[in-house]
């Protein structure tokens, strides 16, 4: 029972991580938004799975919120934002795609190395998924660093938030409900702020290539 | 997903031969029987444009499309004359294409067939007598069947190919 | 009635693989034609093509050397040799200790190596282009294959195919473990790349400049072409059997009774059909990648393999 | 006895070259000496490794012990099997190389005397044979230097070429640089009583602190790594090896760099007795990086011999991957896996000597026939040099690790060792193994691509130059030499049943590895090759026989099924173009173009295309010149700054350079006084 549960959580976490890696692979905004939506759904499913096994009612609520907010609402908002700005393609990133993917793989390995000490002491059946969550955090950070388009960076930020949520769920069977909701709201606020900033960038530079911001320093 | 549902909504579009043309149906059956012996109902076709106006090419590409779907008879267009059993030649043979046409014929392993498609290939059409034209296809390489028309319809081309198969030497 | 011995079964399953290979490719083509709303050629079309090619004359370039004439035989022999090693129907085969998964991979590379050389032999620009691209793709898919093997070996404690199959059968939970699924994903992408399927290479293209596999064999005709085509089809079948029998081993016979073998044959056919449907739908959905985006696809499969390994380390 | 005969053989060869200098007598006698020496070396090695008693080693010990300052003699009693392996490698390549030189040096008649090259060849072989037999510092360093100097002189054979001089300078610089590190490592190990005996060193090393041991190991790794051609110490190799005559290139690439491997094993296992895991990790990492970078740079080469030299870096990398994995397993107390790693490394050492020797001899035959090393000027040689082509093909398949040849079998053993890496308890270390597996797999895949290019562009297609059109098959002696090595590639692959256990015995007992009985494989067709610790099994011989059987069976099957037998010769298909010219073929540069673009981050390729248009119209091109360059990272960013710094410093020192003899004598005296003063201070 325990091992099957553990396997399933690892599977769920792998899916969440793979969606994060898709951000590095694909170039189109539509693909990025789709990957993010899929990631959120997978995350919600993992949360639901843990909720079923642990019988935690709070986690149920979290799963539903995740599904509604990140799986459905945010992708719609993102799509709307995407439609406002012309160029649907990612600009040539700082690191080319194949190299990014290999770096992504190595980051996951790194995540394993740094979480091993935790895994050795943890007795939770969900512990095996934690390195993957950590990997997602690294990968999302890498997305934010290496991609130029503001929209991609926003998605990277949201994926990062997903990674943190996943890590919290796996590591503690769900953090206190109030904290979770707080983080969600934070993320939502951050998202809205970024949306406004992107509009401003777009208006000022007629492009959402964040490299344009370099011109501010001149 | 959208693509898949569209595929299923559309359904098979390949047309059966028009019922009013019993001759073709008969031909198909007959040739099917005969060609099975030699080309085993698997025919590689190499198209050679020896100087046509591309009218015939448009009809030939219709042959490959879903409506006529020549693949159901086991005909497929190949990328090299080495893989081909039949050359489908169009247009009057221009001086520039004379040697290439001959080379293509040479490059094709025997047994091989040649079908000349379109009026130009047969008589040089309106280009007859031009200084740029070397002659009709049969003046350059041996032709098994001519398909007349300017341009001929895909069904005619198909009939021509089938006729050529009927004339093919039979393997023992 | 005495039971068939291991050797009989091993030879029979190789013959079966050779026999089924054209049918499998015919099925994929038929499915793709249906997905393009065409009627398509019948499933047995490739058999007819083979028969025709064996009856035809061979035309050899005047620039070609003996290597050009030997290469089809090497390609065919190496692929058939692989067919002896891959578990198609029953495990453990008496040939199991002869070669493990690494031997399978490198024997296939042997065929690719000779085919690429044959592409360069007649001195045509297309052949060189095809060889260059084929070797590039083959080299870049090598690390993924090695890591997928590593992941499988970690789970099974062996690189030998019989052992991997036996191990997965003994522990069914392993088949749904993330490590296996990720390795499966990685190997599936490699299957596409190694067999020249979309989105890496279009098996139905007529445009020389977009070709990979086809460009190398433009010069071949008659029985040589037949051998090369048959070997390529057999390779598809072998990759499918690997995917089907290593990751979902149920049905593979472990005892050589007629009923077990019959059941194995039935499940094998079912697995092949399922994979053929998956491949046909996938190929209909995707467009061919530019050559210089192929490494990105292979990098994806590489990352899948890396994940498979890191995950397997923990499950161990 | 046999040992003496070996020494005598080499000396005889050297003497013959000095005496006769030219003509067939000189060529034959020089080669004969080397062949006798090589044959004796092989006999000694085989006897030692496979455990035949020929009672020869004892004699030498007595002879060598005589002078007091030798302290222990040349050869230990009983000899180290590890030394025997390397001795055997030297001998095994010496024979075909010497045989080859008979035909190869014939082209020198009238242009060049055989005196120096012939004598140096034999002395080079002698010193290489003696390096692994040396049992104390003095002898070791003496032979090591002898090897360096003789090989330097051999590289300089064609000193009239400025390129050769440049290569020689690099070589001399790097080899002396390496020697400095080796000496430093030795001196740190020197026991207080000053005995330079290896046994004494090992005993003294056991008392050293771990930090000092690590320092010694790193120094030795740098020193021997520079000889082996490990990245980033490899820069001399691609220029020095091709500059030498081809049979010498074969010896340098096939044998000499292997002594670097011997040095690392000598220090790591015998003298220091194993160490912490990071030693192995360092060796493994350097090996993996060398393997990958070696093949990546090889892909960009169009000079056949330079391409092969870069592949030596790759293969040394593979050997070091095996050795490094072995050292890591040893430190984690996984002896069975450790044996597997070392066996893989040693097996690949032997195999690489065979196929790289073969490939260099093949490249030499091509050079001999076409007078160029540039692949872009070759093509179609398979028709004019069919036998050379066949042998080169065998070597190319072996180095590409294609079954059933020897390269595959030894790479398989290395792979198996790495796959066993999952049993390393420390997981953050264990992740090194899959990374190494991926790099090794990529390297071997790229090697296959590279050799399709090397063989395909050189031998296949149409001749690209007049020289290639006029090429003629190599003389018989050269063919025989290549045939022997090609056969060795096949046999060594099939003989894995004997080689793996024998090599297991070789490393047994070193640094706490388990005794020989732990590694046993019986000789039978049915019994697969598997070693303790390995996770898989293969049987190379049935693979070989099975492929051969299928290759015979398929044509028979075709014949029986009455498939058409008609065959017609026609033009190459080129979409109907009128005539084919050699320039329509793919070139070496074009072949590697996709990979150059894919690995652009490493190569940073720059292309420059200049088109010469017809004066009347820009639509007609008269000529196009295309040049592509890649950035030589190591030369530009590692060595050039250092060299510049040294030259700048030297310019400053030049101030004391007066040209006056008196001044120089004053410097000497001053130095002497300072040294004595220091010594007195030390004493008190």
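In order of appearance the chains are A, B, C and D, and numbering begins at 1 in each one.
Definition applied: contacts are C-beta pairs under 8 Å (C-beta built on N, C-alpha and C of every residue); 3 or more make two chains touch, one makes a residue touch a chain.
Note that the structure is predicted; figures quoted are calculated from it, not measured.
K.L.:
Can you give me the shortest step count from chain C to chain D, moving only between touching chains?
P.N.:
The least step count works out to 1.
K.L.:
Name the chain whose C-alpha centroid is most distant from the C-alpha centroid of chain D.
P.N.:
B
K.L.:
Average the C-alpha coordinates of each chain, average all protein C-alpha coordinates together, and give the chain whose average is closest to the overall one.
P.N.:
That would be C.
K.L.:
Decide which interface, A-D or B-D, involves more C-beta pairs in contact, and give its chain pair.
P.N.:
B-D
K.L.:
Quick one: chain A and chain B, Cα centre-to-centre, how many Å?
P.N.:
56
K.L.:
Can you compute the centre-to-centre distance for chain B and chain D, using the mean CA position of each chain? Integer Å is fine.
P.N.:
59
K.L.:
I'd like to verify one number: the distance from the centre of chain A to the centre of chain D, where each centre is the average of its C-alpha atoms, in whole angstrom.
P.N.:
So the centroids are 49 Å from each other.
K.L.:
Express in whole angstrom the distance between the two chain centres, defined as the mean CA positions of chain A and chain C.
P.N.:
36
K.L.:
If a residue has to touch 2 or more other chains to count, which residues of chain D qualify?
P.N.:
Expected reply: 427, 431, 566, 568, 570-571, 573, 575, 598.
K.L.:
Can you list the residues of chain B that touch 2 or more other chains?
P.N.:
Residues 80, 82, 107, 109-110 of chain B touch two or more partner chains.
K.L.:
When you check chain C against every other chain, which residues touch at least two of them?
P.N.:
Those would be 55-59, 208, 218-219, 222, 295, 302, 306, 310, 313.
K.L.:
So in the complex, which bits of chain A are touching chain D?
P.N.:
It comes out as residues 96, 98-99, 109, 112-113, 116.
K.L.:
Once bound in the complex, which stretches of chain C touch chain D?
P.N.:
Its residues touching chain D are 54-67, 73-74, 76-78, 80-81, 84, 95-103, 106-107, 109-110, 112-113, 116-117, 119-125, 127-129, 131-133, 135-136, 138-143, 145-147, 149-150, 153-154, 157-160, 208, 218-219, 222-223, 226-227, 291-292, 295, 302, 305-306, 309-310, 313, 316.
K.L.:
Any idea which chain C residues touch chain B in the complex?
P.N.:
Residue positions touching the partner: 33-42, 45, 48-49, 51-52, 55-59, 205-208, 211, 214, 218-222, 225, 281, 284-285.
K.L.:
Using the touch definition up top, name the residues of chain C that touch chain A in the complex.
P.N.:
Touching chain A: residues 173, 176-178, 181-182, 293, 295-296, 298-300, 302-304, 306-307, 310-311, 313-315 of chain C.
K.L.:
Which stretch or stretches of chain D touch chain A in the complex?
P.N.:
The touching residues are 427-428, 431, 435, 598, 601.
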